[in-house]
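Here it is: the structure, laid out below.
Going by the order they are written in, the chains are A, B, C and D; count residues from 1 in each one.
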Amino acid sequence: MNLQGTHGSNGRFGRFGGRYVSEVLMQVLIELEEAFESYYPTVEFQRELGVLLKDYGGRPTPLYYAKNFSELIGCKVYLKREDLLCGGSHKLNNSLGQALLAEKMRKKRLITETAAGQHGISAAMAGNVLGLEVEIFMGIRDMERQESNVKRMRLLGARVTPVKTGSGNLKDAVSDTLREWATCTRTTHYLMGSTVGPHPFPEIVATFQSVIGKEIKEQIVEKEGKLPDAIVACGSGGSNAIGAFRPFIGEDEVRLYFVEGGGSSLDADNSAAAFVLGKPGILHGAAMMVMQDEQAQIKASKTRAVGLNYPARGPEISHLCETRRVESGYAFDHEVFEAVRVMCKTEGLLPALETAHALAYVLNHHDEFDQDSILVVNYSGRGDKDLETIAGYFYGN
Amino acid sequence: MEIDQKFLELKEKGEGAYMPHIYYGDPNEEFSLELVKTLVSNGADLIEFGIPFSDPIADGTTFIEACERALKTRMTPIQRIEGVRKLRRIGVEVPIVLTTYYNIPYTIGLQIFAKQVKEAGVQGLIIPDLPVEEATEFLEATKEFDLKMIFLVAPTTDDARLRKIVEIASGFLYVINMEGVTGTRESVVQSTLDLIKRVRDCTDLPLMAGFGISRKEHALAMLSAGVDGIITGSAITEIYSKNLHSPEMSLPDIAKFAGEMKQACVEGYNR
Amino acid sequence: MNLQGTHGSNGRFGRFGGRYVSEVLMQVLIELEEAFESYYPTVEFQRELGVLLKDYGGRPTPLYYAKNFSELIGCKVYLKREDLLCGGSHKLNNSLGQALLAEKMRKKRLITETAAGQHGISAAMAGNVLGLEVEIFMGIRDMERQESNVKRMRLLGARVTPVKTGSGNLKDAVSDTLREWATCTRTTHYLMGSTVGPHPFPEIVATFQSVIGKEIKEQIVEKEGKLPDAIVACGSGGSNAIGAFRPFIGEDEVRLYFVEGGGSSLDADNSAAAFVLGKPGILHGAAMMVMQDEQAQIKASKTRAVGLNYPARGPEISHLCETRRVESGYAFDHEVFEAVRVMCKTEGLLPALETAHALAYVLNHHDEFDQDSILVVNYSGRGDKDLETIAGYFYGN
Amino acid sequence: MEIDQKFLELKEKGEGAYMPHIYYGDPNEEFSLELVKTLVSNGADLIEFGIPFSDPIADGTTFIEACERALKTRMTPIQRIEGVRKLRRIGVEVPIVLTTYYNIPYTIGLQIFAKQVKEAGVQGLIIPDLPVEEATEFLEATKEFDLKMIFLVAPTTDDARLRKIVEIASGFLYVINMEGVTGTRESVVQSTLDLIKRVRDCTDLPLMAGFGISRKEHALAMLSAGVDGIITGSAITEIYSKNLHSPEMSLPDIAKFAGEMKQACVEGYNR
């Protein structure tokens, strides 16, 4: 593969990554790695995936010069419009890829977990298109918070299974999906939703998502005749960020910013800022930056952006931030809502709360970019799913 | 007593080994101490001593809940390891195999962890989310402490990996009884029987079968199939978790259960 | 203009169309016609609109070969994916075009009406992008039924004004917007949402929407090497249908189907099937097919698809159906929900209730198309806005 | 009496014309008959007789509601036209100008409509949504019935269109007092005054100003500016719509209002 990934052998990104799973899952992970390596580079796979991404997904997504927002920031800001991808976020890039891979591996069923519901929806879509059964594990708290997405998944015919363990959110849903997978690896593919989990998942997800960055590169060169000065992306597991960053990792002059969920404050229990509050640890099959308590137990993260509510950072983004190739930052909930308001007003776009973290970061740090700077914000998703939360924040209800 | 010695002793006696698995501190430390004493005096040949983790991905519902309860006591992993010392002090002499998820030693520091564990009186370690491929660093950091590293084998493990595993495993091999996570199950499936045969063909290490064993018949079937002993986990926790306000009231039932399982290990071994 | 419209002079489409408005509006309509004719064909306007449609809107939208759905129907079905356009429906094509025109005309403000909220949202988006104030009139009943879209418009900074007259739905909102416009034509543009209203609106909206059909033509030739056998579109005012049909009107071998809202039955008060129940009449400034009672009063239409809940058919589609170039049909509410279910399951796509009328028609008439037929369904919008209604229908609540 | 004759008569008397506008059947037919009688006996020189329409796009809230109420009586347009005959029968002799939206004649049939209207005793027609450009067909179909076609001019109407309008208009010109829809307003704006001047310069037709006239001062200002008379609509409906259960109780107030408006027409004309 000619991807500019930073992983070494055995799924290592520096000291992060690896494959820390029960023996029951080892064999299927090895098979998956082999299948990915043998199918992905083939002309047939590329063609099939290409058609799905284009005709079903709506790729390429535009790179939109946000004139009004740029005026506010004081430099040129482009938005990479993943919100226009079918389903409303970047998640489908990965779901289509993995579903196609699962079909090649003759799996009959997809399981996965979801937090905001965006990944769950994309998995349900991809499953239906490729004729695979879909079951989605979702924390009971998240099911309440993202009720409309639960309805959507069910309408798509997916089974949504409530996860009651732990604090009933994404972390617990991932754990339960891994448990379920252990019982059915022969028939079932775990469609991992972000660049997390045991090797080869972080690599697979990053590869499928890096279509974002490849397009950014072509599009910005077409529009500006050169590479951007900076790319900003939000994230937790890191899939949209890595997807956008990958083709630029070797381009040292392009600054890369990763924005995580600050929550309401950086106090112990009110944040999802794992790069600030976490340390290296092992969770869900990989070494990553993880939020933990003094007992070496994983801490529950907290942020209003359900899709960033995960206490760990994927291996690759953990490594890129540790080595300072990527600069990490965060945005607090109230800044995020303000960024939503600004984007609505300036460009008529309602961003996902996750995406608004990247926007809030740009708003907060606008003085770091001079007038001629070219910024690309990976606009990872639309805010329809967050409408109630956002309207509630501004108008009460 | 060392693990190898225990298996030798049992072989001489013509008995299968019985190892119950508990999570230390569920629902409190006092009970766990009583529980282990009861298990040992009713036939447990080894004890699998669990240090709870917030995200026990290889465990089923019963043990997830056990971990959650045990974590409510807010003991640190080091304090729990001290529990082994307490057991030794009250006269528990059987080999103790400590189980926990890799984040615990990783965060504490591999060497510090191994040292603490060793000094507290542990003979072996099971880290279910540490497959052989990832174990090199851990083995390296801990080798001076002479702790047996127990690895798992599953019905899905192919022969190539089986050979890798037996190459570095010590103490015994943990034969995963079934595809899935811990928890009680209804029957023993063909793939498990095949696995036992395959493992038997490539190693002399003792084989202990676990995951989903909750009835005498399971134990008998497993031993007949050729393992050297069995592990029960959730089955015991299920008994006392029905009465969490006074779990000690369940000790007689647990004693009875342990006795039966040990009995099955004896019978099964001699078929 | 080189569009294959069917209109004659003075905005006539056969006996339909015209400009039946109060004298107060005549002058602005004439100015609008002139402005449209002078700006639209210019290179500058085409370039600016092209960039907006591409980078902001996400054009071209894909033409997706729906394999699973096709298998069910028994012929090749392609979906023209207007659901992927920014905002979730075809409405933005027109809103961007008119907002740009309004800006050229130095108007400061846009007013418009909306039923489902889709047009209101697209108008609010376009207004923000082009720096125009936006006010949206919406029937009070529709505001209740499409509550989430009301929130969305407000978040985008648009003023949403409840219309309490009549039965509080689209017909009344159009009337009230025309009244408002009469007070402020010098500063304000009425961004008409469909191919209805006085001349030049039907022509302007059709022109801006015909980007759909132009793309279909290119795409189907690229994929199949020939024109489709049939194109199916839902509609009330007719903008998505006309947009899809226009470039094919002269291609006699391409059958064109227009599907209106059948409602719960064809009984007097339970339908929106104006081609079945209506007759020629004058409403909102044009001669159209209109549902009326014995007193020559306009009847309120009824259908679960709020966006089809209009008692008249635009002049151009009225004419095309009268001359039989386009065949009109309808689908009942229960068939529409069934079509939603089928599309969710086969292709993982949740269609708008409006769009599902076209799908229901194809499902009902599948035996009219033989195996080799190539069908294009204009997939006008996504069903997120209808989620509560659809979930309520299937699961109760 | 014909419209032209009425204006001649008023000119001779040195009075401005007053034409109140009502919607027939709001809230019921009996009241409308009484209302017109009251208006005529208190100074109305012409009557604008409205046939309600479901979507009166040139009307404001007061008349929208009047239409809605009037439509509840479920009379057909033809039955309402019969109302003119009833008025004639009870002695109303002033010219009656029938107002309705174009869908009504369009649907009934242009010729049938004109015939019915003429026979019932109507002298002129106002169709607010029928601009000159669309009127050819209607004029053609109705010309044999000698009905005056009253067209509207607005502050936004440019001179070119003004000329087109005066060319085919007859009876009088309806000068739209303000940009907007019917309804009461606070003042008279400059653009209206300009318009009156422009129209005056290009036609001898009488000018009647309407839209938003509700106070004596409005009427005076308009007449001073050069119109031949004024139209009030919503103002009268507003009076009786405060008491819809017994609208006839409002007749004295309406009589007083009409008297004042006519008075203003006399005063204004003579300034």
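Criterion: a contact is a pair of C-beta atoms (placed from the backbone, for glycine too) under 8 Å apart; a residue touches a chain by one contact, two chains touch by 3 or more.
Keep in mind the model is a prediction, meaning the values are calculated, not measured.
Going by the contact rule set out at the top, which chains touch both subunit B and subunit C?
Touching subunit B as well as subunit C, we find A.
Centre to centre, using CA atoms, which chain is the farthest one from subunit A?
D
Please work out the Cα centroid separation of subunit C and subunit D, and write it as a whole number of Å.
Roughly 37 Å, centre to centre.
Between subunit A and subunit D, what distance separates the C-alpha centroids? Give it in angstrom.
Going by mean C-alpha positions, subunit A sits 67 Å from subunit D.
Where does subunit C touch two or more other chains at once, residue-wise?
Within subunit C, no residue contacts more than one other chain.
What are the residue numbers in subunit D that touch two or more other chains?
none
Applying the document's contact rule, which stretches of subunit C touch subunit D when the two form their complex?
Going through subunit C, the ones touching subunit D are 10, 18-24, 26-28, 165-166, 171-172, 175, 178-179, 182-186, 279-285, 287, 290, 292, 294-298.
Where on subunit C does subunit A make contact in their complex?
Where subunit C meets subunit A, its residues are 54-58, 61-65, 67-68, 81, 83-84, 86, 124-129, 131, 148, 151-152, 154-157, 340-341, 344-350, 384, 387-388, 390-391, 394-395.
Taking the complex as given, what residues does subunit D use to touch subunit C?
53-61, 64-65, 68, 71, 74-77, 101-104, 106-108, 128-131, 133-134, 151-154, 156-158, 161, 165, 176, 179-181
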